[in-house]
Amino acid sequence: MTQRNENEMPMSYSNRFNLADARRVVAAAEEEATRHGWPMVIAVVDSGGHLVLQQRLDGAQLGSIHVARQKAETAVLFRRPTRVFEDAIAQGGLHLRLLGMNNLVPLDGGIPLIRDGAVVGAIGVSGMRSDQDALVAQAGADKLIAAEP
Amino acid sequence: MTQRNENEMPMSYSNRFNLADARRVVAAAEEEATRHGWPMVIAVVDSGGHLVLQQRLDGAQLGSIHVARQKAETAVLFRRPTRVFEDAIAQGGLHLRLLGMNNLVPLDGGIPLIRDGAVVGAIGVSGMRSDQDALVAQAGADKLIAAEP
Amino acid sequence: MTQRNENEMPMSYSNRFNLADARRVVAAAEEEATRHGWPMVIAVVDSGGHLVLQQRLDGAQLGSIHVARQKAETAVLFRRPTRVFEDAIAQGGLHLRLLGMNNLVPLDGGIPLIRDGAVVGAIGVSGMRSDQDALVAQAGADKLIAAEP
Amino acid sequence: MTQRNENEMPMSYSNRFNLADARRVVAAAEEEATRHGWPMVIAVVDSGGHLVLQQRLDGAQLGSIHVARQKAETAVLFRRPTRVFEDAIAQGGLHLRLLGMNNLVPLDGGIPLIRDGAVVGAIGVSGMRSDQDALVAQAGADKLIAAEP
């Protein structure tokens, strides 16, 4: 699998996450997207990879409906930002093996949602360039951390 | 296909529908579901059957994530409430042919969204008994009509 | 959806469940199956429907590998014993609509695993007649309850 | 296909393999994984590629549930360690044709189980870096050979 820091133990999963949390996350992401004038699809899944909330901003390309959700699922299934896989593929060589997997989408824009050091879900954004998608996803992910007491 | 009234011309499709409309519809449905204490999944698709907005209320069964969306898609694809297909299957005989289709889910709870006599999308609800799902979907569908000036 | 008692509020999901729990459940089911001389496949999924432990007893039919897992998934996705769906279909009429769903397998033998009143996963058994499968699944499910302090 | 030594005759398949064998193999792999503190998914299939035993150690990433099984299947279907395919892809060029196959996963961690010179199944491990997965898979595979009288 794509390298983590060797000393880094994988995070656990937690189901401490509800629709209100998802709404805060999506609202923050939507605000960022709207601020830039980017029409995007924003999806949030829980720690089991199941969809909690998804919305398509007006004008977003239809293909992003599936991709946003798949980025979120990938981020939960493999407990890391999907950027990691995109960067790996860019290096070519051995890393192209990722293309042989059918439960992983190697596009930036999917970010795990972390609470108390555990993965409670993930946000996935799609619609513009993947780094722009990721900027919006990060705005959403940051909101959850910001909400911690 | 399941019979319409012979004098009834099929409605046309229209794409006059946006995220703000979908939010109003979902909010009305959510209010109805919450009023009854029913944990449900609510999905809204556009006139092309593409997901605009979907949310899972806390406590809803996971299976309803797919079913809610499928009910909405069915209602748009065939331009009628999915109740029609459920009723047909209840009659047995020839109507069981519907079970041989793979783009139609014959469960009550999917209702087309109508604006100015055209189908602009559909709402699909799943989580409790199908007639309860339909009650909540109707509350959402009524909101769109009510919003017309 | 297939009827629950109208006064029965759906159970919540909980992720308080680990491999040790799954082993106890499967061991109890295996003991029951072996006692009867029934070669079966036993699968346990978590509250997100993800496989934790699956084993095929010697001599079990290959088709049961998929079916055992699907029964467990169905029991978690819809938070009830799969027997409910089998019984419904036996009644015919309206209940045949269940056959139009693609995330539900209507065969007895899948039972939710309950802890502290919440669904923590499910066991699915396949290999013999479905009521025999269910007997073995129940032996497994009972073990989790028995393990509660 | 990826080259074998030209003098090397492909091994035959044998079905001399049962659940007890699979348990020994998985237990050895689990012990190795636990020793390192690596949360992994371990899957064992028979010579027909059908799942015999699969378990997810606590804390393993959800994505590894599918990948472990796919590695085991690949190792049986093509009668070689999946490392061979990973190494091939690393060379690029012609070898990228492997990515056009849908019944082969080119990730290290899948190893055939050999008994009396025949392939009786395979073990697949996923959860950490692929070389770590392979280390654990090898510990399992070695157990079967070690168990021979």
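By letter and in written order, the chains are A, B, C and D; residue numbering begins at 1 in each of them.
The rule we apply is simple: a residue touches a chain if its C-beta (ideal position, glycine included) is under 8 Å from a C-beta of that chain, and two chains touch if they have at least 3 such contacts.
If you're wondering where the values come from, they're calculated on a predicted model, not measured in any experiment.
**Student:** On Cα atoms, by how many degrees is chain B rotated relative to chain C, nearest 5?
**Tutor:** Answer in degrees: 90, to the nearest 5.
**Student:** For chain A and chain C, what's the span in angstrom between their mean Cα positions?
**Tutor:** Centres of chain A and chain C (C-alpha means) sit 32 Å apart.
**Student:** Where the centres are mean C-alpha positions, what is the separation of chain B from chain D, in Å?
**Tutor:** About 46 Å, centre to centre.
**Student:** Can you compute the centre-to-centre distance for chain A and chain B, using the mean CA position of each chain? Integer Å is fine.
**Tutor:** Comparing mean C-alpha positions, chain B is 28 Å from chain A.
**Student:** Would you mind listing the residues of chain D that make contact with two or more other chains?
**Tutor:** In chain D, the residues touching two or more other chains are 62.
**Student:** So that we know how the chains sit together, what is the shape of their touch graph: line, ring, star, complete or other?
**Tutor:** Chain contacts: none of line, ring, star or complete; other.
**Student:** Can you list the residues on chain A that touch chain D in the complex?
**Tutor:** Per the touch definition, chain A meets chain D at residues 1, 3-4, 9-10, 12-13, 48-49, 74, 76-79, 92-94, 96-97, 99-104.
**Student:** Which bits of chain B are touching chain C when the two form their complex?
**Tutor:** 37, 39, 59-63, 66-67, 85-86, 89-90, 92, 96, 98-99, 101-102, 104-107, 126-130, 133
**Student:** Residues of chain B touching chain A in their complex?
**Tutor:** Of all residues in chain B, those touching chain A are 18-19, 22, 48, 50-58, 62, 65.
**Student:** For the complex, which residues does chain C have touching chain A?
**Tutor:** The contact residues of chain C facing chain A are 13-15, 46-50.
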